[in-house]
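In the two assemblies presented below, chain A is common to both, partnered first by chain B and then by chain C.
And now, the complex of A and B:
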């Protein structure tokens, strides 16, 4: 027991080392939060463009561009994308690493969100489209008022899952020397030469965040399922 | 109604309407005139192009050829704002197609509010008035999944009526219903016909057609084979095809 307390003191209390954890956690949450927003916006746009092309044959060029984006993002590792964003795309400009990470992870997530949104749109019965159009709604109005709300509900679990993946994926941010939660734990390890305590600590924090998030999603899903519509 | 429309002209004038799905000609040249107050029923065997004909009238299907004048305007012209005209053409589907994520009231008011600049109060007052007429005022705050099939279809009719259309298109409105619910929907349609609403109705309800229609069209293989006033149509069919069809369905 004393060993444990000593190790805990050494890794987290001495020299205010806990600040690596709290600072890292703040960075991880910041990057995840803004990347999620960017992923949703990008994913909605790409998902709507792709399903518009599927349904109507319109937006051919935009659809082709989206396909290139999806192929590249889903065909390469996120670490490589992060490194390219930092060292190639923003290689010659002085830019905050948090911003770089948000862009890299947001663009990455957008590709996965896009396919989720597209499958959600395609899962809504075509009769809904026809009913909307027959009232006199334009394609866009039908999408916004009638299709997307139903599509969103259908894919909520898949979206939630994507954000859990994203939260964990930001742990590679250390590749561009961004001090996120994982990097924070690793810095402690390199100072104290004690691997167990900081790394298990970091793992527990990720696990807790994922469990809390999953719990809220379950509540939301249950509410959606129980509401009659 | 728009200013191009002259009284006495057909409300809808269909000329040589053609619709192909790839190799298949679903409509092979259909021409007919529908006048204000007409109640036109379309009957015929399954796959004869009845739905395609109806859906071309509001361009839910894009016609391959021919011309449709609605209130004097060529709505097959790609330059016409079809969304504007669709507001004047109510459509009722076999599968109801109510919006499941909205209350009945929202289903009824979203069109008038978003497309016709009606205030919430105006739209709801009108919706309530129509709901009362079809006996569903107490379901205004329910969701579609809480209604029976017959109730859903009556709401779908009201949803179309809330847009104040000049014509109502019905595609087999009772075919998805349990037999005991058919009557309540037909009764709403009968009331509409009595109020001189212009209607085009695809149906298999022959007795209803005979009672309510002022003209019946018989379609087979993408063409109008015979058309007549209901009494003549059902009692003295001229073509073998129609005689044959009627002998099977009556």
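And now, the complex of A and C:
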């Protein structure tokens, strides 16, 4: 037990090392929050374009562009995308690393969200669509008022899953010397040469964040289900 | 009707997904438990490491942990790990009549590997520091090295004092990283690799890079527009690290080092890789 207390002191208290963890947590949350927003916006646009093409055959060029985006983003690892964003795309400018991370993770997440949204739209029965059109709604109105609300409910578990993945994926942000939660633990590890405390500590914090997030998603799902009756 | 079926199918999918999810979580928990057990076991067996290492010695293999991204001390050439440290370790192994096996890993994992007995010695251009001495023991120093400052040719930074309030790039866990924290108002960017810090310097993402002299010389040779400041940031001793309780191996390594120094072999190896000066 004394060993445990000593190790805890050495890894978190001494030299105010806990600041690496709290600072890292703040960075992780900031990056995840803005990347999620960017992912939703991008993914929503791409998803709607792709399913519009699937349903009506319009927007051919935009659809082709979206396809290229999906292929590239889903076909390469996020770490490589992050490094490319930092060292190649923003190679000649001195840019805030948090911004780089938000862009890299946001663009990455957008590709996955797009496919989730598209699957949600396609999962809504075509009869709903026809009904909307026959009462005089335009394509856009039908989308917004009839299809998307139902689609959203269908894809909520998949979307929540994507955000959990995104939160954990930000742990590679250390590659561009951004001090996120994982890097904070790594810095402590490089000072104390102790693997257990920093790694388990960091793991517990990620776990707690995901558990809290999952709880809120569950509440939201329950509310949405209530509205069915 | 169709909608109900769709909803049911969706529900079934979600349930099956959750099922998979929880299975994965179980495995994860098991793995963690195993890891914890392993760590405990490692702590318990720490006392018996000496005996274990002796067994290794009896088998005639000396396992060296290093991070082969630190020229000219250790780097990859083809599929070989070469450099000053690799050759010194080879010479020591020859002295001891053992076969050398090199394990390439992250720099910040080397001490842990030596502590847990995964490697016998850590030779990675490692500086002796107070913190590290608490975790491992060090051999006699085999070379002196300096942390130097790399800047762009037109930089306003001319001495270590000019680093106040600047952004400095370092490699995580190196002495440059640790000592850079003492600079006033400094922002430290900790990269995983030394060359990434230099790349960031080239792209003006950091104002200066603090790194060991030898790799610094290689970096400025290969990148135009960079220079090393004349005044060193710190001067330090490189040594070989070993598990604390492994005094037997420590004696052997020190004896081997002494005889290498005497025979001039040590200087020969250094001269082979360091042409400047």
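Rule of thumb we're sticking to: the second predicted complex is superposed on the first by the 226 of 229 C-alpha atoms of A that agree within 3 Å, B and C clash if a C-alpha of one lies under 4 Å from a C-alpha of the other, contacts with A are read in each partner's own complex, and residues count from 1 in each chain.
Note that a residue touches a chain if its C-beta (ideal position, glycine included) is under 8 Å from a C-beta of that chain, and two chains touch if they have at least 3 such contacts.
No experiment lies behind these values; they were computed from the predicted model shown.
Of the two partner chains placed by superposition, A:14 touches none, neither chain B nor chain C. Looking at the shared chain after the overlay, A:137 reaches chain B, while chain C stays out of its contact range. In the superposed model, A:26 makes contact with neither chain B nor chain C. Judged by the touch definition given at the top, the superposed model places A:55 against neither chain B nor chain C.
In the superposition on chain A, A:179 makes contact with chain C only, not with chain B. By the touch criterion defined above, A:168 lies against neither chain B nor chain C after alignment on the C-alpha atoms of chain A. By the document's definition of touching, of the two partners only chain C reaches A:91; chain B does not. Once chain A of one complex is fitted onto chain A of the other, the partner contacts of A:146 are limited to chain B, with no touch recorded for chain C.
Greater residue coverage of chain A by touch, when chain B is weighed against chain C, goes to C.
In the superposition on chain A, the residues of chain A touched by chain B in one structure and by chain C in the other are 125, 127. The part of chain C that touches chain A in the complex is made up of residues 2-3, 6, 10, 14, 17, 32, 39, 108, 111-112, 115, 131-132, 135-136, 169, 172-173, 177-178, 189-192, 196-197, 199-200, 203-205. The touching residues of chain A, when paired with chain B in their complex, are 125, 127-128, 130-138, 141, 145-146, 149-150, 153, 228-229.
Those residues of chain B whose C-beta lies close enough to touch chain A in the complex are 58, 60, 83-84, 86-87, 89-91, 93, 95, 97-102, 110-111, 114-115, 143-146, 159-160, 163. Against chain C, the residues of chain A that register as touching in their complex are 87, 91-94, 97, 123, 125, 127, 154, 157, 174-175, 177, 179, 183, 186-187, 189-193, 195-196, 203.
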